[in-house]
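Following this line, the structures themselves.
There are two complexes below, and they share chain A, which is joined by chain B in the first and by chain C in the second.
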Partner chain A sequence: MFIGQDITRVDALDKVLGTAAFAHDLKKNTMLFACVVRSSRPHAMIRKIDTSAALALDGVVKVLSHKDIPGENLFGAIKKDQPFLAEGRVRFKGEAILVVVGVTEEIARKASGLVDIEYEDLEYISDPFLSMRSPTLIQDGGNLLSHRKVIKGDAGKGFESSYVIVENTYSTTWIDHAYMETEAGIGYTDERGHIVVASSTQNIHYKMKEIARLLAIPPEQVRVVQATTGGGFGGKLDVTVEGYIALAVYHTKRPVVMRYTREESFLGQTKRHPLYIEYKTGAEKDGSLTAVEVNIIGDTGPYISYGETVCLRAAVHATGPYEVPNVLVNSRMFYTNNPVSGAMRGFGVPQLALAHESQLDEIAQRIGMDPLDIRMKNALKRGSLTATSQVLNHSAGLLETLKGIEPFWRARRKQGPGSGFGLGCMYYGIGNTGISNPSSCYLTFTPEGRVEMHSGVCDIGQGSDTVLLQILCDALGMEEMGIDLVRGDTDTSLDAGSTSASRQTYISGMAVCDAAQKMREYLEGQGYYSGKPLKDICREAAEKGLPVFNGHFDPPTTAPDPETSQGAPYATYAFATHMTEVHVDEVTGVCKAVKVHAAHDVGRAINVSNVKGQIYGGVAMGVGLALMEEFVPGKTESFDNYYLPTSMDMPEVEAIVVEDPEPTGPFGAKGVGEPALIPQAAAIVNAIKDATGVRMRRLPCDIERLKLALEKNKIE
Partner chain B sequence: MLPKFASVIAKTREEALSWLSSLENPRIIAGGTDLMVRMRAGKQYSRVIDVAGVPELLTMTETDGRLSVGSAMTHARLSTSEPIIRNARSLAMACGLVGSPQIRNMGTIGGNLANASPAADSIPPLLIHDAVLVLESKETRRRVPLEEVIVAPYVTSIDRKELLGSVEINPLRGYREGYRRVAKRATWAISRLGVAFAIREDKGRFTDVKLAIGSCTPMPFRPKKVEDLLKGAEKNEAIITEAIRMALEEIKLISGIRPSYAYKLPVLKGILEEVLRG
Partner chain C sequence: MKTISFVLNGKKTSIEVDDNETLLGALRERLGITSVKEGCGIGECGTCTVLVDDEPHYSCLTLASKANGRDIKTVEYLSSSGVLHPLQEAFIKSGAVQCGYCTPGMLLCAYSLLLKNADPDARDIKEAISGNLCRCTGYIQIEEAIKNAAEICKCDR
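What follows is the complex of A and B.
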């Protein structure tokens, strides 16, 4: 048995020894260096570009513009709307305009500073409220990207019959992924004449297709390899350096390397969507929720990226993990000239968790109910209907996570003034929302008698390689890990989809199970399970060609109704409850998260250490989201003015793993990547209220905001 | 990217002084925690003299009741140095709060002073210890009080050709001494506010009070009028309230009203209350 064991990660030794080759480490002889010239304006027409000084610099090989793109100059994960290189107009500060290729990094960067660009400024649409009023259109179709509704029952009637109604506004800001490794990669032409790009990425097949479109060559002539990747969190789902590298290789016929500085990463890459959330909650005297009405307004920046995804996912998760008979959600996403907002761990759900968890605490306070009791009362459970009227037929362990927290909650004691405790719950649909999001893989043997797993899954540090191997070993009934992993390379693997939406354990895990099932039948026929050594089976099979077993899985979902979003957008959901103890220094406004109990229903923990690792990391990100992280467009440049929690800001975390097996998942597993983050900020904000009496509705609740709120509270 | 630059490593104080005298527009580097950051941001310093290993700058001596601290001593060393903890507790605490372990292992007290940031953690403690800087060039040697050396944020009266050799401080014994600071996160952060204090009390009276406030005005400063008010005064809430009022007034007098004061002044008030009440 490998499932449920703490198997040492297959990548651990290389990383500990420092021998793993991250994208930043990749080198080739005669390689050139490329860097991007970016817009210094948030919204402007480009009147003139003078590259003569850059080109005159010794060592500059090429300066490439949109005119040098042989194929389509548009990319996008959902819709193709963002130019690789701006054509006449820039729509955010940091938008790519040119690629400068030089013989060294120093020369390329120096040359990029010598490019002279004349702009004619257009109106800077700095927020979605301006965007909805302004006659200035950022995209031809108008400034509204997306409007999604969730309608269930009759919210108006629900409020009429409510004993208590709580109505508030919440807001969140831009968050940077702040991975340890900035975007980087290398490209070259191989002996077949194919374009090869190895990069720090969360998806290889998607990027292969984007490069093919950019260069107008068949995807078969593009090979994308995932280098060892130092974190993603959604930020490496969009095309980052890959397009520019491919374009530079195409024109120079030489290896080209790119690596963003931290400043470039801050300036050029996607952020978490800032959301404004108007939230109205109704409940009966006994705490049962009667109705929820939510109005979400989001800032997606000038291009789509994952804007529509976040718009919809935020809407369908708006009620939180509770049974609410009457729901009305309006979720709208507007274009602005702020940074492109894209995918980031949770796709809008952490923002909504802040709102629904704060609301629930206020309801509880108004009716004199314990925060844990009101959550237990309303918790989704097996047989419940979600906000989209999906029946939860299978794994739904929210109550078990609440029960896991209960002893600690009931035994909580304030440690003097400034001490407080808060709860946060969440549910999260695993995989993409209401669309097909399949994963494929294949298995074969080596002539020497080992199983070979070909996986297109990008392990970005979360440990999917190890988890998939554990799943395969158990699915094949192997007693030791006799498997070779061939991974992260479009030439040797099938499309597994992106490492996003907490989907790889569940979806790619099922694809592995599917392939394993076929291989197992073959092995059965060959006598493996009656004792014939694999070596012998493979030697014999090698003569007529080693067999290949494909695996495939696409979770069963239904497309949400376009008007009401009713339906079953996800095949399964993860659930969690966090309890956070904080200490607030009322003199300084410093809030320290002291201790966290985090209970997660993961279906089945394939690798307990991995699950706990995700929970610890998610809590750390939640601390940042709640207390300090804030990207200010035009101001934030680097870690100098972007505060990320350090180990000294980390609370002690006790992870509680709850296993309510999911029958459609591999050995019952669901996912935990994003769930680990989602409820933490809400739990912190609720704990601050408990500690100080002050309710913080705007994130981050940094020392200055908290102190000012405390002062204001004193006066009132 | 860090630009290319030429550097020499001085092995002795003499060598450092003669490089300073002979090189055109020289720059001194010790830990590099400020200089390298500026260079990476685009500043060009072409002649850099590394003094991190100069033995004379790494020693601490006690003479005539004054403590002389070598300018190249790191924050890490000072924060754990027994004589500093015994004689200047606030300085040891402040040095222990600078940046991160890496920065404390590289950054030096001399660099912190020469950089003259309004938020430099070592400056408020040094002010309450009446620090005097020993500045040497090949031809001259002068001793200047810290208050006179810093003339504006990030500007000092140290000549390009001068080397900050050491910092002399008055030990304070028998004081309740410390350093309180506020930052946006637990560590690796620039102070939003720093207060160094050394207070001696006897039979319900303040017999001596030394205060220095950093990160609030263009230069860290000692509210001397407040110190004078408290010296000899009976310790009670009324005098503490009055002292704090005066301190806040003095800040407004120095800097006018700044947006950051909406946060900083209430916090300073709270910290001074805690500090004075003890």
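What follows is the complex of A and C.
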């Protein structure tokens, strides 16, 4: 049995030895260094570009512009709308304009500073409210990127019959992924003449296709390899360095390396969407929710990236994990000239959790109910209807997570002034929203008699390689980990889709099970299970060519109705409850998260240590989201003014693993990567209210904001 | 350019460096020690941590010339006897490694801590790694690993 065991991660040894080759560490003889020249303006026409001084610098090999792109100068995960290199107009500060290639990093960077660009400024659309009114169009189709609605029942009627109604607005800001390894990669042409790019990435097959379109060559002539990747969290889903590297290799015919500085990473890469959320909640006297109406307005920046995805996911998760008979959600994303907002751990759901969890606490307070009791009363459970009227037929362990927290909640005692406790719950649909998002893999043998798993799944540090191997061992009924892993290379694997949406354990895990089932049948026929050694089976088979077993899984979902979003957008959901104790210093405004109990229904924990690692890391990110992280466009460029939680900021965390097995998942597993973060900020904000009486509706509640709010509260 | 000599992971080493070259650059580019990572380049993240006379330093802020005559340790030192150091074992066993980009720096801070304090409490451990950012783990399994390794090191004495 490998499932449920704390199997040592397959990548850990190289990482503690310091030998793991991250994208930053890759080198080749005669390699060149490339860097990007970026816009210094948020919105402008480019009037003139003078590259003569840069080109005159000794050691500069090429300066590439959009004119040097042989294929299509547009990329995008959902729709192709973002230029690799700007053509005549820039739409955010940090947008890429040129690629400078030099013989060393120093020369390339120096040359990029010598490029002279003349701009003619256009109106800077600095927020979505300006965007919706301004005659200045950021994109030709207008400034509204996307409008999604969720309509269930009749919200108006629901409010009419409500005993209590609570209405508030909430807002969140830009968050940077801040993975410790910035975007980086290397490219070269191999002996077949194919373009090879190895990079820090979350999705190799997608990037292969983007490079092929950029260079107008067949995807079969592009190979993308995942280097050891120093974190992703959604920020390495979009094309980062890969396109520029490929373009530079194409033109110079030499190996090219690229590494973003931290400043570039802040400037050039996507962010978490700032959302403005108007939220109205109605309930009966006994705490049963009657209606929810939500109006979400998001700032998506000038290009789509994952803006539509976040718009829809935020909408369908807007009620939180509760049964609400009447729901009306309007979710809109507007283009602005701020940084491109894209995918980040949770896709809009952590922002919504802030709102629905704050609302629920206020309702509870108004009717004199305990915050845990009101959550138990309304919790989604097996047989419940979600906001999109999906019947939860299978794994739905929210109540179990609440029960896991209950003893700690009931026993809580405030530790003097400034001490408080808060709850946060969440549910999260695993995989992409209402669209096909398959994963494939294949299995074969080595002539020496080992099973070989070919996986296109990008392990970005969360541990999917190990988890997939555990699944495969058990699916094959193996007693030892006799499996070779061939991974992260488009030449040797099938498309497993992105490492995002907490989908790899569930979806790729099922693809592995599918392939394993076929291999198992074969092994059965060969007598493996009645004792014939694998070595002998493989030796005999090798003469005819070793068999290959493909595995595939696409979670069953239905497309959301375009008007009401009703349907079954996800095959399964994860559930969680966090309880957080804070201590607020009412004089300084410093809030410290002291202790967290985090209960997660993961279906089945394939690797408990990994699950806990995700929960702890999620809590850390939630602490950052709640209390300190804020990217300010035009200002933030380093960790000097972007604060990440350190060891001193971390609360003690007790992880409680709940297993309500999901029959459609591998050995019952679902996912946990994003759920770990989602309810944490909400729980902190509720705890601050409990501690101080002050309700913070805007994130982050950093020292200045909290201090101000506390002072205002005293005066009132 | 000038020549500097120092002890690197127990071996005498001499290299030529530029006047304004950082120790991070010299280790990575001239000596091929890529376990020393760059996360920010301005002394804010700790991924570039090395030990100078057994004290943690941000090598991105340290001039290479300052290494002259000093003892420099990178994570390679910990397993230079051919077996994993108890800290490395404990990092693996406790799940302290996710993406691993912060890992070499964390290990070196922990090693330095245990040299000075064989019996660190939770607070000591938190403080020892407080200058090193990790975006993945929330530090908890790293702290557990250091605690566990301290126990093992104590027994070994």
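We take it that the second predicted complex is superposed on the first by the 716 of 716 C-alpha atoms of A that agree within 3 Å, B and C clash if a C-alpha of one lies under 4 Å from a C-alpha of the other, contacts with A are read in each partner's own complex, and residues count from 1 in each chain.
The definition used in the following text is that contacts are C-beta pairs under 8 Å (C-beta built on N, C-alpha and C of every residue); 3 or more make two chains touch, one makes a residue touch a chain.
Fair warning: this is a prediction, and the values are worked out from it, not measured in the lab.
**Q** Quick one: classify A:Arg9 as touching chain B (first), chain C (second), both or neither.
**A** second
**Q** Counting residues of chain A in contact, which comes out ahead: chain B or chain C?
**A** C
**Q** Go through the superposed model and pick first if A:Lys707 touches only chain B, second if only chain C, both, or neither.
**A** In the superposition, A:Lys707 touches chain B alone.
**Q** Kindly classify A:Ser609 by the partners it touches after superposition: chain B alone (first), chain C alone (second), both, or neither?
**A** In the superposition, A:Ser609 touches chain C alone.
**Q** In the overlay, answer first, second, both or neither for which of chain B and chain C A:Met648 touches.
**A** In the superposition, A:Met648 contacts both chain B and chain C.
**Q** Let me check the overlay on chain A: which residues of chain A are in contact with chain B and also with chain C?
**A** 261, 645-646, 648
**Q** What residues of chain A sit close enough to touch chain C in their complex?
**A** 6, 8-9, 11-22, 24-25, 177-182, 228-231, 233, 259, 261-262, 460-463, 609-610, 612-613, 616-621, 638-640, 644-648, 650, 653
**Q** Which of the residues in chain A end up touching chain B in this complex?
**A** 105-106, 109, 261, 586-590, 592, 627-628, 643, 645-646, 648-649, 702-704, 707-708, 711
**Q** Can you list the chain B residues touching chain A in their complex?
**A** 1, 100, 182, 184-189, 192-193, 262-263, 266-267, 270-271, 273-274
**Q** Taking the complex as given, what residues does chain C use to touch chain A?
**A** 34-35, 37-42, 44-45, 47, 74-76, 79, 84, 88, 91-95, 97-104, 107, 125-127, 129-143
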